[in-house]
Structure formats: C-alpha cells, structure tokens
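Here subunit A shows up in two complexes: once beside subunit B, once beside subunit C.
Then we have the complex of A and B:
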C-alpha cells in the first residue's frame, strides 16, 4: 500500500485514540479530506521543483509506534543542552517522556499539546490560535489531521522567560521505519519573551519521516527567539512547517542549523500583521554526501513600516544538494517596508549542487527590498594568506568556512547553544578550531 | 640563511623570474628595488610558496634545506614570513584569534604545547604596543574595513608575533602616510637582530631612509641586474630606473 493510502486508512484507527466530539476533530476531518485530495507534493509543483520526496515515500513507515522503549538520560544526554537551566519537553517515538522532561505551569504553560487539546482550561487559547495560521497544503493538512501531540507553550503578557525551552524528539528505531507528526503551538502574549530550541534526533539507522507543524503567535511587543538544530542521521527525513504570526512591534527570529539528515525541508513562513515588526530568518547549512537541505521561506509584509532580514549560508560538499527559495511579498499597503535577503553558498566539490531562487513580489512603491545570492568556492588568496602564517591547509579551509558562517552564529543569544553549534561545525568541517569566535 | 640559485618561475606559462641569484645572511637587510612589472612581488610570493607560481628551474635554500616541496605553512613553520602588499580581508576571524591560531599551529608543527592563554595575552599586548595598535583593533575582523596603513601595521604586528628568521616585506610602504611609515619601520628595526634577516621589496627610496639596507638589488625583467649598497637606492631615487633599463638593453 502506498503511504498516502496507508495514512488515510490509518485515520480511522487514529480516531479511536482521540475525542471525536471535540471541535478540534472537525478540523482534523477537514484536513484529512484535503490531504486525500492533494496528497504529497511532487516536483511538478513550483515550490517543490528541486526537492523530491519520491524515494522517501517508498519506505513503509509505521504510523503508530507499538512499544515505547524507555530511554535513560545517559543515552540522550549529548543531544540535550544541559549546561544551562532549561525547560524540556521530550518525546520518544512521538510519545511524551516525562522522566526526561521538565515542564511547568507556574505563570507560564510549558507542557503538552495532548493536554491543551483535551483540557477545558486551555480551550480559550486553543479556540483562538490552533490551526489559525497553518496552511492548507497537503503536508500541513496531513499533520493537522493527525494532530494530537507536541509542545504547547503559552507565555502570558509581560512574562520574560529567561530559561530557554527545549523541544526534543527522539526516535528509538523500535519500528523498522517510523513516521512522526508533532504539532506545536506557541503563544507569546503582549510584551512577553521566549527562547525555544528544537531538535529531532534518531538514535538508530532505521528510517524516520517527521512531518512537523509549529504555529507561533507573537503578540504586540513580544520577542521570540527560535533555534532549530538539524543534525540527524542519514536515515532521517524532516519536513518542518513553521508559521509565525506577528503583531505590532514584535520581534521574531528563527535560526536554522542544518548539518545532517537525508532530506530536510524547512517551510518557514512569517506573516506580519501589524506595524513596526521585525522578522529575522538565518541559517547555516553544512552538508555532505547524499544529503539534501531545502529552505523555503516566506515573509508576508502586510502592513507598513516593517522589516525582514534573511541571511542563509550554505557549504556543500560531495554529492549534496541545497535549495534556497526565498519569497518576499510586499502588499500595496505595506509602504516603508525594509526587506533584506542574502543567500551565500560555497561549493567545496564540483559534484555538489545549490539551487537558489529569490522571489520578490512587491506591490508597494515606497519600499527598500534587496536580495543577493552568491555561489562560489573558497577564496584562494585568503587560503594562501592563512597558510603563509603557518595555519595548515585543512585548518585554514575550516577556519574560512567557519568565518563564512559566523554572521549567522553571531546573533545566537544563548552562549551555551552557540558553543554547541560551534563544536558541531568544527566537527563537520573536520578541524579542531582551538578558539571561540 | 637564504640562498637563491638561478631561480626561474612562471605563472600560466608566462616566465616572470628568469634566473635570480641572491644570498642573504643572518643579520642582513636587503632591499630589492625595480620598476613595476619587474618581478619583485613574484619573487616574494615564490619564496613564501604561493602555488599559482611554477618554479621551472633553480632552487631556494633556507638554512641548507631546499624549499621546493614545502607548502606555504611549512615554510612559515621554518621561519619565513611575507608581509603582503595587499593583505586579504577575512570577515568573521578576529585579529587576536587569527594570531592565536597561527602561533599555536606553528608550535604544534614544532612539537610544542599550545601557548598558555596568559602568555599569549602578554605577547599580544607587548607586540601591539610596539606597533602602536589600539586594543579595540585586535577584536576586529582581520583586515576588514582597515585603512591601508592599518593593514600594513597589522602585517608587521603579525611579524612581531611570529618572530620569523626571514621577513620579506612586499611593498610595505605603499599607501602609508609618514606617521604610519615611521611606526612600521620602527617596528621592523626593533625586531631586527643578528640572527634574523629582512628583505625589503620597494619601489621607492623612502622606506629605506628608515630601514637602512646593507645591500640594494635592482630587479629588472626577471633578473637582478645591479647590486650595491644603500647608495644605489639614493641614486635610483634621484635618477629613476631608465638608466638601468638602458644599461641592460645596451
């Protein structure tokens, strides 16, 4: 059976596990219908021209994991950033792992989507926000249809949360192949602040397919710092669909660090529903043999006096493929928009490929929109300069590539996280960079 | 210390150096002068090991060892330093971190431990004072947005940090105002000892007023066509290069 058919027929079984009388379930039913009509995206669709899911969809993924294996902290410690005090919402094969987590209900809610979708006290928030900005395409609809578990974060007005929140998904390989569909909702009210670190990690080489949807709402003057660490095994496929709605004077940043996995697709969408909004999207991609990373971004400038900044750096080795498709829409009303987009790439190997495409749709006349993309090799004269000072070629290359991605690392606000990413990068580049930049 | 025998080098099959002979002994300062396009910068780059140049004939011997098979980093480890005419801008790497990496990689190559952090800091402080470099400057990205004078001062700062046996200063005076020229020259003079040597490559006499050479060589059309003492530099300043060209072509 094709995965699409399998998912559609699994929906009935899924209905046995959730409350079908809840209004949420009407949303799910509509969503599975949409998925039935649209199915998975194909390369015929413009937005998927350079990324094919065909080979991934051939795998016979289990939709419901059978036995959940208890993971001990020791096994997963290295994937958590525990040098800092943080809240943690940890899932193992899609199920909440309480012993690895640290949730809270003091002033703020850092807990589970399964609670939020079923308990009366969360109903007003769910009614207001759930599935309000997630799109209606096939993959997002599929996630909506099966939405039951994930992270639920609610930061009420004026609460600045110093402790970052880690959302971590582990897959144990208990199933021959497993599909996961986490659904996250993050509501940051007026003048509140939150930092989130998200990671998906397979612990074995059994294939995983994660189709994740995250909805983020940043109210007036809210600040959201979101970090995605994508450094999964070669057996892992991640389709990340993130939607961010911003109101007046809010500031939202998403940093995406893509270092591993067979196929990673990031659909990152910002909607600016207000004035004086700042949206930032930054990414570093460093991949090698048979890896594919696709960044598909959208910034929708709807009202005047807003800014958006995009800075994506990519380093591609061996038979790797990168895609950057950055769409900026500036509505007629969105005068004085300042939109900046940069995508710079280094191809280390002539077998590596990058497809980069800025897409600007500007309907206002008094705006500043710029975009630039470069594709090149390492600067040979810089390499000679470093080597002439005694830095061996391999280290010099690593240092230059590290420096290249440094503009993105620069704005990571959590030092421990920055440190961790630095180490991953040094490791990816095969150098021991003996200093912190 | 350095002996160059009948060196021929080319870039993309175009011969540039056509039989250079030069001997530099410890404690000496040599100046290499010559008109534009005579091969001065090529000579510096070939000694430093730039791979764009092909050595077709001859040899470069440093302390008895042929450098031919050595990469630029290995030559640096053996004590060769070239001050670049156009130092490369490297955004994202600070001056301090660049120097730490360069020093520790050189130490590693010599089988030494990394330099302890406090010792490194002390060294950086001492050498930056010598070149009158502001501390803030050291945490900036390497050469990025530096003025011409700052770039050159930074080159000599690197020389001071790495303490090479043989320093080649490639047009270090170009783009310097008189204050920067004095600081740079003063730095070089303070680093001079009986054990190291300096080769100054320049088009003009003025740097040689500050760094006084023991020998002056005139490079023309890929060959050293005339050698002399500091007097020769003054003569060139007064008379230009045309008489040399005429002498050679006669």
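Then we have the complex of A and C:
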C-alpha cells in the first residue's frame, strides 16, 4: 500500500485515540481531506522543482510506533546541549519522555501539545492560535490532520525566559521505518522573550521520515530566537515547516544548521503583520555523500517600515545537492521595506549540485530590496597564504570554510550552542581545530 | 521653475496615447481564419516551397496540436483563440521591387511616420534593410554590397528557394519544432522572416536590419529568422518593430535562431515597440517569442533588447554555450506602463569549458504594469571554469505596479563562478533633490536618472540604433527620458 493511502486509512484509527468532539477535530478532518486531494508534492510543482520525495515515499513507514523502551540519559546526553541549564521537551519515537524532560508551568508554559489540545485551560490560546498560519498544502495538512503531540510554549506578556528551551525528538529504531509528525505551537506575547533549540535525532540507521510543523506567534515587541540543528543520520528525512507571524516591533530570528540527514527540506515562512518588524533567517549547510538539503524561505512584507535579512551559506561536497529557493514578497502597502537576501555557495566536488532561485516579488515602489547569490570556490591565494605559514592544506581549507560560514555563527546568542556547532563543523570538515583561534 | 513631480509624470504616462497608432490601408490578401493541415499546406504552397519544407511544417503542426499553452509565466491575459486568427496576410501590391521608387508610396509614408525612412537609413547609417510588412519582404537594399562579400541576406522564403540546402541544414537545429508551444506554432505557419549567412572569415561591413510591423487587422505575425555566422565571421543584426493601434489583441509568435560557428561573433539587437494597449489595458500585442543562439568554440553571441511595447511579453533570448571558450551576453531594458505585462529574461546554458556569460537586465515599471525577470544560468558538470555574472535591477514608479525577479541558478561543476545580484528601488527623493539643487528641474532629473539607470544597456546598442531606441523609450516613459 502506498504511503498516502496508508496515512489516509490510518486516520480512522487515529480518531479512536483522540477526542473527536473537540473543535480541533473539525480542523483535522478538513486537513485530511485536503491531503487526500493534494497528496505529497511532486517535482512538477514549482516549489518542489529541485527536490523529489519519490525515493523516500517508497519506504514502508509505520505511522503508529510501538511502545517505547526507556532511554537512559547517558545514551542521549551527547545530543543535548547539556552545558547549560535549560528546559527540555524530549520525545522518543513521537512520545513524550518525561524522565528526560524538564517542563514548567511557573509563569510560563513549557509543556506538551497533547495536554494543550485536551485541557480546558489552554482552550482560549488554542482557539486563537492553533492552525492559524500553517499553510494548506499537502504536507502541512497531513501534519495538521495527525496533530496530537509536540511542544507547546506560551510566554505571557512582559516575561523573559531565563533559560533556553530545547525540543529534541529521538527515534530509537524500534520500528523498521518510522514516520513522525510533531506539531509545535509557540506563542510569545507582548514584550516577551524566548530562545528555542530544536533537534531531530535518530539513534539507529533505520529510516525515519519527520514531517514537522511549528507555528510561532510573536506579538508586539516580542523577541524570538530559534535554532534548528539538523545533524541526523544518513537514513533520516526531515521536512520542517515553520510559520512565524509577527506583529509591530517584534524581532524573530531563525538559524538553521544543516549538516546531516539524507534529505532535509526546510520550509520557513515569515508573515509580517505589523510595522517596524525585523525578521532574520540564517543558515549554514555543509553536506556531502548523497545528501540533499533544500531551503525554501518566504518573507511576506505586508505592512510598511519592516526589515528582513536572509543569509544562507552552503558548502557542498561529494555528490550532494543543495537547493535554495528564497522568496520575498512586498505588498503595495509595505512601503519603506528593507529586504536583503544572500545565498553564497561553495562547490568542492564536481559531482555536487547547487540549484538556487532567489526570488523577489515587489508591488511597492519605495522599497530597498536586493538579493545576491554566488557560487564559487575557495580563494587559492588565501589558501596559499595559510599554507606558506605552515598550516597544512586540509586545516587551511577548514579554516577558510569556517570563516566563510562565520557570518551566520556570529549572531548565535548562546555561547555553548555556538561552541557545539563549531565542533560539528570541524568534525564535518574533517579537521581537528578549535576555530576559536 | 515648473513644479513637475513624479505624480505629474505618472499622470502624463497614464494619458499618453500610443503615438504610432495609425493604420496603413494597403490591400492585403488574407487567408480565412483558423488553423488546420490545409491552411499549413496552403501557406507552404503559396510560398512555392519544396516538399521537405511542407513536411517540416506539418510535423510541427502535429506536435503543436498535442501541446498546451505554457502557464508558468507571471502574466495574465485572455488566451488567444487560435482558430480565430488568419495565418497568412501579404500586401497585395507587386510582390517584388527593383528599387525603392517602386514601393507603394503609402507604405513609404508609413515608415517615414515611424522615423525609419529607408532613404535616410540608406544614406546616414549604411544600413541594409529587409523591410517586412505583414510577413512579405517588400524591399531589400544594399544587397549588392553584401553579395560582393558573399553574404546572403534575404527573406527566408527566398532563401528556401535559392539556398534550400543551407536552410534545410540549419532550420530547427537551435529551436526545434517541438521546443515549446509557440515555437511549434511558428514552425507550422511562419509566413516570412529573414535569412542571413556570413561566409567564413567575413566581417559584415554594415549593420543588417529588419523592421517588422503588424498591419492587417486580425492577422498574427509569425516571423522566422535564421542567422548563420560561419567560422571567424562577424555580423551585427538589428531588429525593430512598431505596430499600429488596434483594439483586438494581436498575436506575435516569432522564432529567431542564431548559429555562431568557431570564432564567429553575432550581435543581435532588438527594439520592440508593438502596440502596448491603451491606458485601460485594452488591446495590445501578445508577444511570445523564442530566441536562441548556439555558440561553437570561441564564438560569441550578444543579445541586446529594448522592450517598450506589447501588452504581454514572453521572451527569453538564450545562449547555448556549447563550444569551449564561448561567450554569451544578454543586455535588456524592459519598460512597462499602464496594464502592460512583461516576463522576460534569458537562459545561459554552459556546456563547454571556460565559457562566460554576462546578464544585465533593467526593468522599469510604471502605471499598473507588471515586469518580471526570469532567467536561468545552468552550468553542466563538464563545463570547467564557467563564469557568470548577472545583474537585475528594477525601478518602480508608483505603487500600483510590480517588479519581480525569478532567477534560476543550477551549478554542477565545482570550478564554476557565479554571481547574481538584484536590486529593486524607486527614484530616490534625495537623488531628485540633488539634481534640483543644482538647477535641474524635476522632469529633467527623472530623465537623467532613468537614463543613467538604463545606460549600461543602451550603450550596447549599435550607434545607428541608439537614436531609435531612445525614441522608443520616450513613447513609453515620456517626460522621464530626455
């Protein structure tokens, strides 16, 4: 049975496990209908021109995982940023692992989507925000239909969280192949501040397919700082859909670090519903061996006096493929918009491919919008300079590539996280240097 | 000093009627509306074509029937009814002239009104022109000078008669019949066009030029141009067009094929000023053009275009850089006003080693128009040391128009160096203030700024053509270009 049919038929089984009387359930039913008509995206769709899910969809994924075996902290420690004190929401095979987590209801809510969807006290927030900005395309609808578990974060007005929140999804390989559909909702009210680190990690080589949806609402003057670490096993496929709705004077930043996984697709959408908004999206992609990373970004400038910055760096080795499809839309009311988009790439192997498509769609005249994209190589003279000073070629290349991606790392606000990413980069580039020279 | 503001300019642009909208009454022989195999055969027979050509057309027609119109472009328009168009129309006066004096005086007057008097061109510019009025070539000048050099420059229907082996060898090699919907349509029904062959090592002594016009109500024009530059030769080719004002939409689906052999260079310049529709967006020409050039080793093809007209433009002059060290260039200014829509750009396909390409695209949108740049830069895995530089700048006037950029960049070789830049802005108040402060009034300031904005491209036009280009820019943006 094809995955699409399997998912549609398992929806009925899924209905047995949830409260079908809740208003959310109507949203789920509409969503599964949409998925039924639209199905999985194909290369014929412009947004999926360079990324094919065909090979992934051939795998027979199980949709409902068996009961989990308890993971002990020692096995998963290395995947957490454990140097810092943080809230943790940890899922194992899609199910909440309380012994690995640290949640709170003290002033702020850092807890589970499953309780938010079922408990009455969360109802006003769910009514106001759930599925309000998620798009209606096939994949997002599929997630909406099966939305039951994930992270729920609510920061009320004037609250700044004291420590970052880590959302980590582990898959144990209990199933031969597993499909996960986490659904996250993050609401940051006026003047509130939140930092989130998200990671998806397989513990074995069994294939996984994650179709994740995150909705983030940043109210007036709110600050959202979101980091995605994608360094999964070669068997993992991740489709990440993140939607961010911003109001006046808010500031949202999303950093995406893509180093692992077989196929990673990041759909990142910013909607600027207010003035003086600042949106930043940055990413470093360093991949090799048959890996495929696709960044698909959208910034929708709806009102005047807003800014957006995009900075995506990519280093592509062996027969990897990189895709960047960035779209900036400026509505005619959005005068005085300042939008900047950059996508710089280095190809280090002839078998590697990069497809980039930075788009601008502008309907307002008094704006400053620019984009630039480059594909090139490391500067031979810079390499020679380093080597002439006794740095071996491999390390010299590593240093130059690190320097290349440094503009993205620069704005990471959590030092421990920055260190961790630096280590991953060093590892990925095959050099043993600390870069903090 | 007069208070000329951008608002005034916008107002003026809105009310500016198409100056060249007149209609020459020349008796025409027109085929009945509709398209079927018989019509294709009839066109072919009318032109006394050999059998291979008729079959080639029929093949294209067969493919076309299976195809659907492309929908991906960022343009919205009422789809033309392909069965309501007449596919052949030729001026009824004598088909051939020995000298200009024999040309229908009314026709000559038309050209004069357009400011492209043949005499003037002949004397001043040394331009040989193959004038095309509604599909049939009526006047050719300077043929003798060209013949001495061995250059063949004639209408493609003549070429089919006189040089069938050349046409047969090259037609459809760069743009195959089944390339796309409009190319297939053109292949089936093309009525005329130009053919040009530059022999080995010859540097064409003058700019070759063709003027296209749509003149007969309800006739679509399907031009086919084939330019072959043999080894080591050079040619600069100009193409320019204006069309009379008309209410119903007219379809124009041309195909241009360029072949630059080893060490050859082709420079192809276009000034396009088909009727853009009136201020309400009524009427106007649909311009769906397929232009492509093939570069062999060390060859160079350079496209320059000034697009000011047409209600809908769908045009992507491309270069296939097949040979090593070959060079492709694309310089474009696209101006849209009122309800005009343009989706234009280029494709640079890098196949050979050390190939280079440059793309400079300037879009100016005013009124309620939509202006899109759509381009592809593709580096194949065998294209070592390929180099590309692209720059797409858009200028917006008013907040009811749109500027869009859709660049596709696909690189499969690690030695590729690609740079792409795009900016969108309006004429800055500070820029105008700076000019005002130095005693330049606002109108002149805008002219200055727009001129500066498009200068990089205007500079690429041949001297003889630059005047015409300026003139045509004025029509679209009068008051802003001095």
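Heads up, the rule we're going with is that the second predicted complex is superposed on the first by the 434 of 437 C-alpha atoms of A that agree within 3 Å, B and C clash if a C-alpha of one lies under 4 Å from a C-alpha of the other, contacts with A are read in each partner's own complex, and residues count from 1 in each chain.
Methods note: contacts are C-beta pairs under 8 Å (C-beta built on N, C-alpha and C of every residue); 3 or more make two chains touch, one makes a residue touch a chain.
A quick note: this is a predicted structure, and the numbers were derived from the prediction, not measured.
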item	value
Fit or clash between subunit C and subunit B when superposed on subunit A	fit
Subunit B versus subunit C as contact partner of A:404, first or second or both or neither	first
Partner chain in contact with A:389 - subunit B first, subunit C second, else both or neither	first
Touching partner for A:67 - first (subunit B), second (subunit C), both, neither	neither
First (subunit B), second (subunit C), both or neither touched by A:367	second
Which superposed partner A:106 touches (first subunit B, second subunit C, both, neither)	neither
Gap in Å between nearest CA atoms once subunit C and subunit B share a frame through chain A	15
Overlap of the subunit B and subunit C footprints on subunit A, listed as residue numbers	none
Residues of subunit B touching subunit A in the complex	48-52, 71-73, 75-77, 81-82, 84, 87-88, 90-94, 97-98, 100-106, 109, 114, 158, 162
Footprint of subunit A on subunit C - complex, ascending	72, 379, 381, 394, 396-426
Subunit A - residues contacting subunit C, complex	46, 332, 335, 345, 347-377
List of subunit A residues in touch with subunit B within their complex	379-382, 384-393, 395-396, 399-400, 402-407, 433-435, 437
